[in-house]
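First the structure, which I've put down as structure tokens, then a few questions once you've had a look.
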């Protein structure tokens, strides 16, 4: 029950921060709520026996990624927008759909999820960093390599999309634009 | 230890909140954060199942999802920056020059 | 097969020439007529007709020796499954009689026409059309010969429609003339369409015959007649009757014939008096066994004929157009013939057909001569006055513009008198005998019909008397009539020939000799020879004389001038009714033409464009509307798009949850 | 026989040679383009005559068959299967006969984009001929659908004022039916395991269960094409807007594709259903006859009148086909030819007038027989042929159709034929009205006095039609002899089905 | 561990990736005026990879611990991607110059995206599916927005990105559930678990349907299609042309690979959903296209509609006797669609002017007269889209509909045929403008674009006369299912 308590506490935090993220007027608050949310989820990961993932969650997600978010928010000065609803009925429909989704998903996912008994304890070195590392570089070589390609693409993309075009060389036909 | 469906329930709720964020927020960055929340909800489910089955596949999956998420963030934020440069806004509701 | 395969007499092999002689004439005229001129065109046509007549005569002589019907095979025409139709020529006494009438009267009229049309085309201002006239005329002889020489109902129908076509072409010969310039064309169309209504009946009769008997051949069909179910017989015969009323201008389809007078006068004489219109009588005579087996249909035929005879005669009384009078007279006389064949007196009907061909052709041609005379007078008059405008307004066919022509056109007068007397039934001219036979037959069948026919005969004599008085007696009522001149010999000679025939034609079937009776017996079977009933003959003669005298009395002082009222106008509405043809045209217009027009208009407008097309295009419009609605959903908002995705997800999940 | 030089292959694809040659010519070489097109189509007609000479008249079966596998997917084969029987022979002759005539009629009327016009026209000929020869359902469908494209362009580019509307309407209407047919073909191919007509005929049992639906699907395609009432609304628009040559081919051949389809597929493959459907089809046909005639009567535009008259005339064809006896079917097929000739000639004459005056309003004419006597006379013959005057072609067809329908036990009532016979009267009414308004009466419009008489080239387009018009009218035996064995076979098939149902 | 077999199996992809990097580097030294060199390099890489792909045809193999599988199915699809990639390069060269967005990265991203697609068709593990999906999508997001500072392009990029990520989240959740149901992510493992007892089938079905959402998004199935028109319109036309073929094919590759290999067990539950998706997609796509006046949007809706037709053939995938035909007909259709669509987009590229000019249907008026080399192919493409013989599109539809009928979905085939009729209307409108209306179209002369259009048209026409080889290839391009 103690473990359950831990779950409930963090579950409440996770849901609360998620709601905070979704509802804050200020994008910075949203980002910070999300950081908190990621951190709480990381704790649940630890509880679920995934320490490596939990660490990655904190460093990659809550750390790097969210910093990037914050950075961009600040950069653009886009933290606050007038949140008036331009689409008639969007809110009502969205809430109805959200409710329906939760209800439906509860029926078809949560209640179908197998035994209601507590999760069994993990085997001794289950999901140890070494375990993870070995798997990653043996069985998961291909995905790992593909990931590198994805990251490369993202890099190129970020550059292509944000780089300010060089001033054109003399004599190019369309010089002087931009 | 809590049973599996607790975690799944939490994951579903997170996912739903993510959906709602996408549907309701006009700030593109917040929308994007809501998407990240949805990814996290899926990750939670993976980790829970991974524990349930004592199988490492789920954790591997989450690892790759994180990487992909990082890549997406880079691209997504770059797009937003570009948009902001031309439109001076990242209000998704102002992105409706094409319709019909 | 009733005939032997080998012909008894090689003469019979000539029979195709009755069709091909006119065909050759037609083709020659078509190809060369324009280049070689009027004389050539006329001569070729006359020769073609003459050859046909000669061949018919030879056939008649040959038949006299071997009176059995002969079939001359010619061409296999249609063969589909059990439908086999051949174009064979039938040579029997009935068909040869018709051939003789057609080609004989036809030749005379051809001769007449060579001169008449010479004047007519000039009067109407298009000499180039001379050749065309004779092409049509040859075509008519051709079609009529196909009709009478057919050995089966389908070939008969081919000819039947063919003569209808010629009638159409010739009525519309001056297609740019007539009322509003289009009257003639309209008249032609009316003739064709009304005839088509009759043909409709004949077609249905043919269908029924085929499916009941399995053949169209006369012999097969007629031999099977007695064995057919009464209902089938009734359908066949009544439908045929419809065809007869169309072609022979009987009630209720007679309306086209008066309008058909729009054609040149030789046309009226040949087609609309002597030959084509009698095709209906021929058809009934040819189908005698069918009608004999269906008494109800027979009496229907009789009543239609009798009613027409009287009805048309009354109208004739009220007409002023010299040709219209003759047209209604023709209808009336056709009524006599139809009544006769309806009574089973086929020989009497045929007899009257022949004599009528003589004297009615004569009357029409003579009327044509009168018209030519008046036109000539009008032109001379106009010439004298140095003004070319005057004559164009004068109607050269209106009897009110005539009068006193007996002195100006003596030959015409004499022959006209003979024709009129023959028509009125004055002994011993041809009409007396033939009409008498019909009355005798009626006296055996039905006294009411007899009464009607005698009344019709009275009217006949009366309107002929009226016409004679108005045209030839009194004083000229117009300058044109005053300057009228006798026609040239090419016109008068055929008139004289026909006058002779009208005078002595009764000899064909004189009481006692019964030449025609025995001649036709070979084809129509043995019937009761018409005896000569003296009181009846006397009565008929008396009625005719009274009618003529009455006409003389009333019109002696006649209308004094062209615009004076008709003496009969004192009878008030009765005369108006006769003059307006009992409003039949107006009634038909209201009952048939107008409804058809409005129904067509409704179909073309409200139904076709308004409904059917709207449904078709409406589907397109609906889809376009839907597309616009759909496109409006695509509003450009990312959040809406995401919402739609979620809708999809939720629907799927709900489906899975609730399944 | 060699696949490539097989007579049926040649007659179908020979126009492609012309297509190739024309494609290599420059747009400016108009005369050369025209001559190439004309010569190609004449050569094709020559090949068709050769096919006629190879055809053995007494045989009911398909002849001169060429059958090669074309493509296969999975277990299914689609064959390049052509064959000919009396019916298709007549249709091919009609097609190849009308095409050069139609081409010749464009000599002066089509001056814009001649190259494209001729290309499309020859392509159209390929499609049409293929439709009549294909014995594989898929191949048939390919040809069938392909014909839409050139005709669409012919109407759309060289048509009248509302050509775009008409072209699109034509395309969509026809396609809507043929799509249903495609579905039926697919279903049959799937259930019977073949698309081959011969084999399907033998395996009718395989798809008999869905027979009604299949029948309806085929009927939808064909009824639109024919067109049967009330699916005819595309026709007046298409006809009115199409260029003259297009109208000639549209009326002359393309409508026949529908009727031919009925015969080849609906009757042969679903005789039982055909027997059941016959009264209904006859009813629609009769409605079409009367309705087309009545609506024609109200038209002011010559082409529209002729177009609606097609609805009426094709009603006769369908009535004949669904009489399901020899007279009806043979008459129906002959009437298909007749209508092609008569209506083709009508359109040609209307086209000649239009080319001279640029109006098709009947009211703009009147009395022109006097001015153009030869044209007037030819038109008269054509009008009379269309009205079904004995001695000309129309009568033979209509008479045999009505005769067949009157006695058809399968239609079950003579009243259909009687009502259709009323249509014969009405035909005279509207056709003579046309003739009267245009050619008879006084000259109402002084401009018409300058109307030019028919020239030698135009005469050459009309005379062959008139010759055949007279030929069929005077000696139809030749044509019936071609048809009889095939029709007899079909009738016995249907009659067996009818007997089996009793 | 990686061995040479693995490398060999993945060689076409590896070559492409490496080549992409090389091009990226090489591009740095290529001056702006001579970016044609980059384009040529890219084409060379694609051609090289194409050759390698074809060489793989007869050697089905597993690679990388069963993460990937090389089989006929994958080879067929990869050929399509590579061809559309070559077309994408051919169309882009002058276009980019004209629009002043000459960025050499265009070609690099194209190569990466294609490698992602190729990976997708070789994927044998859900993780590879997911990564491939991202690898092909992310470059597309960037490519859509590459025409910055053109606001439409940027808008397209962001819309595509947001919605694409949104759908990825569903895919991810679906994978999670499948994993939850079977404890496996490799396709063979999943089959084993599903056919054996232990799998949690309800969860499995839900997971599968969430996958359907994600893949449905990629192939633009209604109601997940709404990004399509906006993105197609906003993205540079060569990108759209490439995307309309490549992304769709990759989406279907994923759909087929995953569903046919592992999910026949869930077919009973999923078939009605697929039915609904297919029907809706055909109806909505075709109907809304009617209202379009912008050719790019029209083609976008048309691509939605074609996704519907393909889904239709996919509906009976669970029926073992039909599934082979289902795959074969889909592959064949993809090939037909690829040729047609690439050609059509080539014409669009030829007519597009700066600042969104030349994209309205009115701008096509008079094309038939002035530029027959573009107009005639365009007619062919429109007819092929409509499904009129003799075009490849006809055979494609023929095969698809036949599969639907064979699978017992005649009703769906009927919907497909009726909506085809609707589609004829809007495809014909293009022809109407090109041929029936006079006008002075502004066309940029570009030999490569014209060549693409003409070659595509020739392929569409000629292959339709002798489609047997393509049929056979598609029919033999079966998946290797362990």
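Lettered A, B, C, D and E in written order, each chain numbered from 1.
The rule we apply is simple: a residue touches a chain if its C-beta (ideal position, glycine included) is under 8 Å from a C-beta of that chain, and two chains touch if they have at least 3 such contacts.
Just so it is clear, the structure is predicted and the values come from calculations on it, not from any experiment.
Q: By the touch rule set out at the top, what is the minimum number of steps from chain C to chain D?
A: 1
Q: Quick one: point me to the chain whose Cα centre is farthest from that of chain D.
A: A
Q: Give the label of the chain whose average Cα location is farthest from that of chain E.
A: C
Q: Which chains are joined by the largest number of contacting C-beta pairs?
A: If you count contacting C-beta pairs, the leading pair is A-B.
Q: Taking all protein C-alpha atoms shown, work out their mean, then name the chain whose own C-alpha mean is nearest to it.
A: Of all chains shown, the one whose C-alpha centre lies nearest the global C-alpha mean is D.
Q: Starting from the mean Cα coordinates of chain A and chain E, work out the distance between those two points in Å.
A: Inter-chain centre distance comes to 29 Å.
Q: Could you tell me the distance, in whole angstrom, between the mean C-alpha positions of chain A and chain B?
A: Taking the mean C-alpha position of each chain, the two centres sit 5 Å apart.
Q: Find the geometric centre of each of chain B and chain E from their Cα atoms only, then give the gap between the two centres in Å, rounded to an integer.
A: Comparing mean C-alpha positions, chain E is 26 Å from chain B.
Q: Taking each chain's centre as the mean position of its Cα atoms, how many Å separate chain B from chain D?
A: 64
Q: Identify all positions of chain D at which a residue touches two or more other chains, and write them in rising order.
A: Only 172 qualify.
Q: Give the residues of chain A touching no fewer than two other chains, as numbers and ranges.
A: Chain A, residues with two or more chain partners: 86-87, 90, 94, 97, 101, 105, 108-109, 113-114, 139-140, 143, 147, 150, 153-154, 157, 161.
Q: Could you check chain C for residues that touch two or more other chains and list them?
A: Residues 620, 631, 634-640, 642-643, 646-647, 649, 653, 656 of chain C each touch two or more of the other chains.
Q: Looking at the whole structure, which two-chain pairs count as touching?
A: Every pair of chains meeting the touch criterion: A-B, A-C, A-E, B-C, B-E, C-D, C-E, D-E.
Q: Which residues of chain C touch chain D in the complex?
A: My answer: residues 75-83, 126, 154, 157-159, 161-162, 165, 168, 172, 175-176, 180-182, 185-186, 188-189, 192-193, 196-197, 199-200, 203-204, 206-208, 210-211, 596-597, 599-601, 603-605, 608, 612-613, 616-617, 620.
Q: Within their complex, state which residues of chain A touch chain B.
A: Per the stated touch rule, the residues are 3-4, 7, 11, 14-15, 18-19, 21-22, 24, 27, 30-31, 34, 37-38, 41, 44-45, 48-50, 52-53, 56-57, 60-61, 64-65, 68-69, 72-73, 75-76, 78, 81, 83, 86-87, 90-91, 94-95, 97-98, 101-102, 105-106, 109-111, 113-123, 126-127, 131-132, 135-136, 139-140, 143, 147, 150-151, 153-155, 157-158, 161-162.
Q: Residues of chain C touching chain A in their complex?
A: Interface residues on the chain C side: 635, 637, 639-640, 643, 646-647, 649-650, 653-654, 656-657.
Q: For a test of understanding, state which residues of chain D touch chain C in their complex under the given definition.
A: 169, 172-173, 230, 232-234, 291, 294-295, 297-299, 325-327, 330-331, 366-367, 369-370, 384, 389-391, 395-396, 399-400, 402-403, 406-407, 414, 417-418, 421-422, 424-425, 428-429, 432-433, 436, 439-443, 475-477, 480-481, 483-484, 487-488, 491
Q: Per the contact definition, I'd like the list of chain E residues that touch chain A in the complex.
A: 1-2, 6, 10, 17, 21, 24, 31-33, 63-65, 67-68, 100, 103, 105, 108-109, 112, 115-116, 119, 125, 127-128, 131-132, 134-135, 138-139, 141-142, 145-146, 148-149, 157, 177, 180, 200, 202-203, 205-206
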